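Shared between the two complexes below is subunit A, which has subunit B as its partner in the first and subunit C in the second.
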Partner chain A sequence: MKSISLYKDNGTWLCRVHPFTKLMYIAAVILIPLFLHTLWAYAVAIALDVAILISGKSLKRARALIIFSFTIIATIFLIKGLFDGDNITPLFSLGSIVFYKEGLLKALRTGCVIINMLLSFSILVLTTKPEDIADEMERHGFSPRLSYVISSVFSIIPQMMGTMDTITDAQRSRGMETEGKLSVRMKAFIPLITPVVTSSLINTRERAIALEVRGFGAKGKRSYLRTWKKHKGDKAITILLIIATFLAFIWKIITWLI
Partner chain B sequence: MTAKDIFRTKFDVASIVLIPACIGINYIGKLFASALKLPLWLDSIGTCLGACLGGPIIGGICGAANNLIYGLTTGDSITLIYALTSLFIGFFVGIMARAGFMKSFPRSIITALVAGAVAIVISTPLNIVFWGGQTGNVWGDAVFAASQAASLPLWLSSLFDEIIVDVPDKIITLILTFLILKALPDKLTSLYDASDEVERLD
Partner chain C sequence: MAYIEIDNLKYRYPKTKKLALDGISIQIEKGSFLGVIGRNGAGKSTLSSAIIGLVPQFYKGAYGGSVIVDGLDASRTPVSELSRKVGLVFQNPFNQLSGAKDTVYDEVCFGMQNFGIPSDEMRRRADAMLEKLGIAQFRDRNPFDLSGGQMQRVAIASILVLQPDVLILDEPTSQLDPAGSEEVFKVVEQLTNDGITVIMIEQKIDKIAKYSDKILLLDDGKMVTYGTPSEVFAESEAHGVIPPAPLRLSRALNIADENNSYPATEEAAVRIMNGKVSFKDVREKERTTSSEEVFRIENLSFHYTEGINVLHSVSLSFDKRPTAIIGQNGAGKTTLAKLMKGLLKPSEGSIFFKGEDTKAKTAAALSSSIGYVFQNPDDQIFKPRVLDEVMFGPVNIGMSKEDAERKAIEALGLVHLENAKNRNPYDLDLHERKMVALASVIAMDTDAIILDEPTIAQDDSGKNLIARIIGELAEKGKLVVSILHDMDLVATAFTRVIAMANGSVIDDGKPEDVFRDESTLMKAGLELPHVASLGRKLGSESVLLTDKDFLESAFIRE
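On to the complex of A and B.
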């Protein structure tokens, strides 16, 4: 079955970094440029993301995650550059269409925020197993119910996609149209999704009983199937990131007061 | 029905199992919508089902967990921001369902309008902060561009953009939810019935 997670263990150091360290990195790399509020801070953040992805041999896969956002960013440039309310200074023109400096600068900032966010998240997404995040959260005091929800999603979805294929084939073999005009496709949606949804909801009943029998609701200390090998760098990097974010926050307050 | 009944939530195994199932349904809805190339998202069917079955609290958890899990694991980190929208959609649909607004077809349309209004109120500021006001949907963004060209204020253009995209989406989502709820067997729905009394024989 095909997993929806994009995780792949390519044996680099990045896969062995603790999930929490990666989460802290994401928080820092998004918050610091936000506090400093300058374009070069975004440039540094994006360069850092790219450097980490290259050394983790994951840049190629990250590119696939970023590329879809380019159309949105292009329309942001177009709409802001042409129509933004603060537009005063014309920068260049294509025929009779004039692009303005203020709108384009705003669009550049929005584009940087989006790219930075997508890149920093792809570091986590491409090199961390979802089950590891769930396990580590449970080990650090989150409810086991929460980690069940997370890891369960990843086993339920491939199963549901299997059912979805079966039902699509079944309905097609009965002669249902799934391609063509919008109204045809709209009509096809209900007979396709209802059986999948109903059967997966009915399955929850049996799953609940099965879990209950196996002591899901039991209280007491639990043991773990997998153990996480502690890495020395994790703690030091996390502390550094927290300090950097804090300093940027102070900088924000100081500039705001002055 | 009192406020206490509306918010009553069972945190038993059945409710916990419901959450991943609903998150899966959201994903399947989105997948079918893109497979059939529909111009809608249809990615909150599961959240609405969870809200109708488990109540507002479970609905809110379904919505928030949905966006958080997808955002953190499938690389679609933009959905993370909209966890807030999903949370409130689940919450308000849950309240409406407990108040009896999913019992008949016309009433479920009212629920749909409430869900649409919630989505608009929460998503518009998020769109403005993170995307400069756009939604990323072709139709909505065309309206956005047109109203920006007519030099309307940013928030108003962004609001139009959201209305065009979210209201039809929520109406269809809630109609589907209503149809699916009708098709579910009683032995399943009774699992989540919060108003039942446990009778003891001893």
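On to the complex of A and C.
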């Protein structure tokens, strides 16, 4: 089955790190540069992201995400570099087009924020099973319903995409063109989307029954097939990350007061 | 006190006027096997929902009388609690997967986690159950990647690990091919020896006859009979359930057992009839022939993934005889049908429709000459009114509104839904929605119609209606090609059968010839039609396809 989960168990240490540690890392690595508000903090964060991904043998798979974001970042550079309101100091020019220092610096900062976010999230997404995140959340007191939603989305969406193909075939069989001009596609929208919605409603209803008869709504304590043994490192790293974030926050307050 | 006591149960779904269950009173003993039969809409599934408390807790509606399961009131005990005692497996294997687990093993453990069963015990039960149901080799596979039969066994395992006292199976095989159904029935057969109470709803009447200690016959929400198979089948026909072939034929020949009742299973029939019946040679059946070529398929190969052919160099010619394509899931039947319809394009080879190569045409462009009815009607229905839904195809292929309406009403008449033309298709039952989908293609008045599994969800009268429709379409000079798993319908409604296995055609001919060849049946994973099977066991040389064939050939020995 096509899965939309990007997780792959490549056997490295990174896959064995607890999901919560990774979540804490994301929070820290996004918040700290934000508090410190300097470009070198972003540089350190991004370098750290890349180092972790290399050590977890996942940088290659993260590349696709980064390349995708480059088009957005390039656009930001163009717009800010050319048209930002604070632009005063010309930096360089291409023919008659002049790029300004202030705008480019702002764009650099935004670009760093985006890349840092993408890289840190990809550490989580590429090396953690969605089901594990959901299970751990449930074990730590989140609602089982929430954890069900998180883990089921990853298998239900590919199924819905499969249904969409069948529906397209069924309507084409009845003489409806689905390809070609925009007007043809617009006309095809209702006959394609209505069965998707209704059949997923029917499926959802049946699935709700199937879950109920397997005790999903049962009161009482649940048990778990696997228990995730937290590594000593998980705790140590989490504490370090919390302290670092806290210190950065204090720094932010101090610089703000002075 | 019996394990399940149902007393004067009455129930009406919300926003309906008719009682879905009307005064049902039965007692079900622990460890017994109860079959529930009846036509579509008789109340079978509603009754099973009432035993596990889904009626009225999930469906709401008006409820009267009582259902007591092991001392618990099913209308008030939460379903998730009652499911510790009662397990439910239903038709669609796909919708029974939780969707939250990505291996078979985790899926099977899902329910046990909800009930807080310790992980050691969970593993012990799951290991034993996977082994028992023959799915241990799939434990690390994604359950969505399995075939229907395998998925349904995962669903049954997921329920059985909860160790319920009662297992309700609501048409567990209706969406499976013969081999997949057989896998499920083998599991059911094991259960009968385990002392678990089984309540099975099935249209496959021969299976019900084989396993049931007692059968409950429902009609129109009311209980008609509750008794042994022979007792129930003696009067089931008047209530829309045709008795199994052994009982029909032994009754017609008036060969009864020592208790003066007619045998309901093949095994019993052979025991009683053996030595008493002989068969004379039947003359070759006269069949309509046709020489006009509709489709010509030359060296057709197809692959979804480069290097893995689903069809291997198939060459076939279709004339106007109604043709059934049979074979196991994965044999390439649906792929072949989709290629004929132009929904897929050949990887190699060509398909000619009335002499014209279809390669360059889109499925939509071919739709005025080739119709295709999909398995699941919910994949196409989108209009809020039946008549509009049926007119959608005709209008698309350029018919005027008046013509389209005329054709649509004609087609609705053919599927016996003329009175439903102003209703919302989603207010109809699944078997009726299937008929709407069928009508919506018939109304397009194409020269060829391809049907993919038209009998799923149909009861006996629905199947008979489909057989009649196929006959009428053939009379009008249309080619009907149907993918089918119901061998009894193949035997009665088709004059040509194509058997497929592993992407190739392994046999092609008249039904009696294809069914005569045991190696074909074996390779294609198929069963003989029930009448033919009994005939063969009793020593008939000819392949007897229908009751009429059987009774013309059989005579009582003096």
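To be clear about the criterion, the second predicted complex is superposed on the first by the 255 of 258 C-alpha atoms of A that agree within 3 Å, B and C clash if a C-alpha of one lies under 4 Å from a C-alpha of the other, contacts with A are read in each partner's own complex, and residues count from 1 in each chain.
Going forward, a residue touches a chain if its C-beta (ideal position, glycine included) is under 8 Å from a C-beta of that chain, and two chains touch if they have at least 3 such contacts.
As the structure is a prediction and not an experimental result, all values here were calculated from the model.
Using the contact criterion defined above for the overlaid structures, shared-chain residue A:198 touches subunit B and also reaches subunit C. With both structures placed on the common chain, the touch criterion links A:148 to subunit B and to subunit C. Residue contacts after overlaying the shared chain place A:157 against subunit B, while subunit C stays out of touching range.
Applying the stated contact rule after C-alpha superposition, one finds that A:6 touches subunit B and leaves subunit C untouched.
Of the two partner chains placed by the overlay, subunit B and subunit C both lie in contact with A:190. Contact with neither subunit B nor subunit C is seen for A:257 once the two complexes are overlaid on the shared chain. Using the contact criterion defined above for the overlaid structures, shared-chain residue A:88 touches neither subunit B nor subunit C, since it reaches no partner. Of the two partner chains, subunit C is the only one that A:215 touches; subunit B does not reach it.
Within subunit A, the residues touching subunit B in one complex and subunit C in the other are 148, 152, 154, 156, 178, 190, 194, 198, 202-203, 207-208, 211-212, 216-217. Looking at the complex, you find that subunit A touches subunit B at residues 4-7, 65, 69, 72, 75-76, 78-80, 82-85, 106-107, 110, 113-114, 117-118, 121-122, 124-126, 130, 133, 145, 148-150, 152-154, 156-157, 160-161, 164, 178, 182, 185-186, 188-190, 192-194, 196-198, 200-205, 207-208, 211-212, 216-217.
Residues of subunit B touching subunit A in their complex: 11-14, 16-21, 23-25, 27-29, 31-33, 36-39, 42, 45-46, 49, 53, 65, 69, 71-75, 77-78, 80, 130-132, 134, 136, 141, 144-145, 148-149, 151, 153-154, 176, 179-180, 183-185, 187-188, 191. Here subunit A touches subunit C in the complex through residues 1, 3, 129, 131, 134, 144, 148, 151-152, 154-156, 159, 163, 166-167, 169-179, 190-191, 194-195, 198-199, 202-203, 206-227, going by the rule given at the top.
Per the touch definition, subunit C reaches subunit A in the complex via residues 52, 54, 58, 78-81, 83-84, 86-88, 90, 92, 94-102, 106, 109-119, 122-123, 142, 144-145, 155, 158-159, 162, 338, 341, 343, 362-364, 367-368, 371-372, 374, 376, 378-382, 392-393, 396-397, 426, 440-441, 444.
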